[in-house]
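Below is one structure; the comments refer to it alone.
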């Protein structure tokens, strides 16, 4: 048990791989076993990940569950894992959503079940690795290979223009990551030039001295990588396509976990590595975020395809998160981290519901729905809760995150925050309008006449998310008390650069004058 | 010597030009032989009689005979009227001229190393160029010599494989 | 630099012979294979196949036995040290894969085997000579030797106009480039008075320190050297298939028998890069003139051209050919980056490159049914479901080409790119990274075809001839499977646990670096 | 001294011209031989000038290689002629794009 | 735990558990859920009354249930403030709720969403209670939105009807607009004071710059404008009448809509330190009061008339709090809650009796058929008209007297005119509906509602009569004032009394206005000495303006919604698809074009290959030569 706890992160990362080997001998035809076994294994994984939560010591910013082995001494790369308050919850979210999405695809995925479950588990490994890695090279390894299973999931089980979407998704994000790789290599080499040691240990790389101008350039390089992943306006166009065409499980994972990596990357890499540039460019990032909030909301309003609507709403929500992160106040970053979870939960749930609608009606066009509330009360209730969580209704999770973000950001960027906050109005507009057209009013589509309500499996799928929505909404302290020390440390590590940067600005300002 | 150099230069360049301009490959081949002879003349001027002999034996003798043989083997009427396009000629000429100009500019601007070797004209004359070449060939350049033998062997296999009608 | 331990003395032959034992073994086996042709009974394909494999195996054995030696044989004509060990093994692997791939191919095409295999072995020995040559004569001779074997093998398919045409093009262009190389050698010789690379190296070292000192020649010599080195580079760049000396690559790769394409793409490229690396580190890498500028341009053009041309290619062999041009550009980045780190990275990438390329070509061979259509990427539609392992392996190789992590391609790219960043070639790396980004498109395109066909095939029987999709007649040959498995394992291993390979490359680069 | 090299480069460039301009495979091949010979001339001249002998040795190997290439080239020419009925290199255009 | 604290948290707990119960297991309870739900609320009411007396005889207190959101310096708990203001509100809220719950058992009988109805009604009570007792702005905001959500869901209760779900959505979104301002106000408040706790905020307010206070106050007021349906965000409330009538009574008359007034009163410190903001409150309140009454004059939908009347009455309350007479405002709030709740319930009873008929033109003569309803309705109407001794008289007069005495004459004049209009439209309703000849559709026969509905109506009517005496004039000496005004002692007295006009003089004018309104209605609809149609044609433009609700909906539709939708569509179809995505795809396309071009180099002709090679060589030589 001690060993288990000590190497919990490794166990978590590689358990899905082991699961794959368990699944490999299963006959392709035995879909029942494949589905249930994989779901069971992902549930086991989720239960393992709960140990992280249990054994995680709150009120400290130090990395926990640290594991470190030499990996490539020539590059100074090591197998270095560890989590803090931020990655803890993202890992939990990942394991939960993997379980949920595997459970949700019993009906959606009809072909190549074996490949599907294997890819999902493979994806889980890479997602967890990305969150746990404290070594830049290791991180990048997980980060980029993650695209591949996702690419297959979209391309093989997607609908409509799936290949286009999958390829666009991969190429777009790959381009960003490669530019980001350039930045990471550059910092790695700079650190070598300064110390004579190759190292990819992120904690050591934090100490690299980088001149201001260079910081800006490197930040832009890293920014592209992470911003595309988030995706920040105007790098978002891969998202609606990928989301729309992906199978439900793919959308859930994509929205729930993959988009988080961009923000996580900013939090873990871009900002601490290049704090001065981060401070200097924060207003621009925030402007983009605010544009993203409004743009995503505006475009969502006029969408005709349900999934596309949810996808654009993701753009809007991720804008909030970036706003919070770059406002660089403890409150707003806490909010951003909470909102990361919220977005994963709420948007994940929305995609699940859209998937259920699609499974039953074989359409995603909003105009084809209507009057479903009458047929499926349980469905309606849960769907409504998810919609409201996404709207940011107080008492549900979305509110806490959004509110903290806005409160925190307001002090530094009042005008932009106000503009961004107006996004909550439009969130209500597009989501409630959608909900009304889909669920309320009278039945127009004959296919809706026989709309089945949620069965037990679907309820089990959605229930954890619903519970979390209420939990975070009413009692976010278990989350906040773990996130807050990390965030405070994050800020204390970079805040003195703010002063320095301002000083420099002041000096150049004086010399210019 | 000077005079001979110019004579040989003229012959070599003229015949080389003829090689590339003559329409009939057979004529070209004969001009090529002439060019080889001129080059052999250069070698003689440069005190490398052995190489001159090799040049004539191997090139003019063996290789060119082979070429002529092949030309004869193929249907001469079908291969002699292969012309070139005008634009091809212009571009080719231009590129060659540029290349030439560049190389010549390099040669004119550059300088060779000062003579440092021990094999002065006098020494070569004293020992005899064949002997010197032979000594070197079998000591310092023994390995290339062996490889060359295998190379020729492989070339024979190749020629055989290409030339035979079917496997 | 080291003092050149030229071995003069009575027993120099013994010592020198040690330095060429691996090549000798290969040549002996090449002759043995060839002699099989004389005996009706023994001239079966299988025999020459196994004999070649045994020969390669022996050679590898000898390389490993000699791995700690540092020999300058034949009056400094050849060198044998850690650098050679690394490259010999890589080249021998490439040869081994070629042989392994050939069995099935030979049986399908009915070509005579002994000559074929012996030519491969001769080619291998030529490559090894090339890698270990330390003398311009040896360089020229080995290049020609190697090329002649390649010309013959390219045109090996009788009655196939494409094959002959490929040989023709390859030959004329090759000879043309060789003429440049030769003419360049004249200039180098005129400037330095040496043919031995070490001697040229020390000469250049002197003048680079002497500045324009009249006593040793001064500025004029530098001009001669520039002319020589540039023209020499043309010859070498041709073999490395760098833009704009790449033009033979797609056509020759396309027309040649597929195992030979693999041979060209791996072996010849490897040998060319190796000798370039050696010559570069010895001669080019002086501050007399900044050759990195030109290499910079060549690398950028090669990557960009290769990737862009491959983008819409529909023939898998041509696609891989264009991709190999691009890959050559990436490899060149390591050389440009230079230094111990860069050389080591280049070697690592080369090693990674041969495994992924060989793996990919093995898959191509499997699906090649000796007709042209079988090379069309459309033909790969849906094989992901019918041959999951092969398709997965192919995807993995393609991802490795694209430089996705977990594959050797990523580690290699990372290695060479970071070396270039270390030397300050930031734009180069940025361009290379952007290139990798859009290059991913055409690799992924193949994966798309394999796994995401427009219309899912209704699982046809294995041997139905009417089906237009990739169908393998009969079982997959063991040799091919072996190749794929070895390549897969090594590609994965180099991508995940590269340290042992890095050490290997480091040992090898160390000797280059310390010159 | 430079004169020899200039002559050599003239011959080299004429050879290059021949390779570029001519379409007759045999003539192209002969032009290649011209280029090789230009290099030979250079080697002999330089070696003579520097009082060295290695250049002359190089020439011998070039001659050997030229012979080997001749064998291959003519073999290819025959094979090509057999397949296409001509030695026009423009007819070698099956492999493209 | 202290008993009073236990009581405090039990009050919201009852309805909360009710919600969970009906929400999760509603279908097992069937008709029983109505009774149990009502029981829960009655329990809450009793506890509220107990708490009321505890507070009345001791003092207020605060309590934190658990820490809620602790992020950096942002620290808020789930905490309650129990003072006189909140207990009064608690008693009112739970009391009216209890009655409406009971009434609903009858009203909603047989509806298939019976359990759902009570579940959300319970949720509403919970939210409203929490809103009233919350001790920090975050918690207030949470339940501020939560009541909005309940309103949304209950308005759209009959979701099959497009108009109902539209109205729900509209209510939610319009409220969000106000809430947006409210939220920004909270942000600004937090940024200035670094806390959201009431006490700390109020302590900090006097020391912050006046313009900041003004901005904060105005932003907070924006929330109130949305929630309390003041101009220009009043548009949702009339539409909200699509919901079940008890809902209208509870949420859209008695409780939720008054939250804005409660909020302003609660934040009296902030508002009083910003006279400018208070003036805005007054102005908006005045305008809305008149404006809504003006619209109500000509409507024919009985619920809408009452709805506009609510908007108008809320305007009165804002007038009161806008001049710093918070106690008067709250008093009017309480009395209005009673009589307006009564009016809605009785209107519901009418609807019940007429199986859903709402159009005045199809009623008439109902007095004889449903006496209880009619009488209670008239009681409510008289209260609304401000006729003594009904509660409206006392509360409205308290407000108007203060306005006059504090020197806001224009507002006072408008208030009196509005009072006249109020009396007119409500009696127009009464006369048209209950008197005159019946214009019912054939086949419909009106009947009196069951006891379970009439008893709450009667109770409310009784309260409408007696509750006013709590504010027996002169108001500033009344029981109510002396009880509550201590809570507002921290307010800055920005509007001192300038007149000392005796209450009876002002009351006389008010009563006169009310009576003349009734008289005009009597002339027009009972005596019919003047034909309403003639007046209609004389004042045609004015009439049309009123009848069409001053075209506010249309203006919003044309100026905001339509252009925005077009803009959004443009954003999506042009900017997103063509420009941004077009750029992405364009790059890809460019590469494809390059690819075709690049492969042109590889044209299969040996000559061109040799050319490229030699050009390359020449270029390299050239490059080194020029260096």
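First chain written, first letter: the chains are A, B, C, D and E, and each begins at residue 1.
Note that contacts are C-beta pairs under 8 Å (C-beta built on N, C-alpha and C of every residue); 3 or more make two chains touch, one makes a residue touch a chain.
What you see is a predicted model; the values in this text were computed from it and never measured.
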Neighbouring chains shared between subunit A and subunit B, ordered by label: C, E
Reference subunit E; chain at largest CA-centroid distance: B
Centrality ranking, top chain (CA atoms only): A
Rounded Å distance, subunit C centre to subunit D centre (Cα mean): 25
Between subunit D and subunit B, distance of the C-alpha-averaged centres to the nearest whole Å: 7
Rounded Å distance between subunit A and subunit E, as computed from the means of their C-alpha atoms: 37
Separation of mean Cα positions, subunit E and subunit D [Å, integer]: 96
Per-residue overlap in subunit E, given as positions that touch at least 2 other chains: 588, 599, 602, 604, 606-607, 610-611, 614-615, 617, 621, 625
For subunit D, residues contacting two or more additional chains: 5, 9, 12, 15-16, 19-20, 23, 29, 46, 49-50, 52, 54, 57, 61, 65, 68-69, 72, 76, 79, 89, 92-97
Residue list for subunit C, restricted to those that touch at least two other chains: 137, 141, 144, 148, 151-152, 155, 159, 167-169, 172, 176, 187, 190, 193, 226-227, 250-251, 313, 438, 441
Which chain pairs touch, all of them: A-C, A-E, B-C, B-D, B-E, C-D, C-E, D-E
Footprint of subunit C on subunit A - complex, ascending: 71-75, 111-112, 115, 137, 140-145, 147-148, 151-152, 155-156, 162-163, 166-167, 170-171, 174-175, 178-179, 181-182, 185-186, 188-189, 192-193
Partner subunit E, residues of subunit D touching it in the complex: 16, 19-20, 23, 89-90, 92-97
Residue ranges of subunit C touching subunit E (in the complex, touch as defined): 168-169, 172-173, 176-177, 180, 226-227, 230-231, 233-234, 238, 243-245, 247-248, 250-251, 289, 293-294, 305, 308-313, 438, 441
For the subunit C and subunit A complex, residues of the former touching the latter: 385, 388, 399, 403-406, 410, 414-415, 417-418, 421-422, 426, 429-430, 433-434, 436-438, 440-441, 444-445, 448, 451-452, 456, 497-499, 502-503, 506
Residues of subunit B that touch subunit C when the two form their complex: 103, 106-107, 109-114, 116-117, 139-144, 147-148, 150-151, 154-155, 157-158, 161-162, 166-167
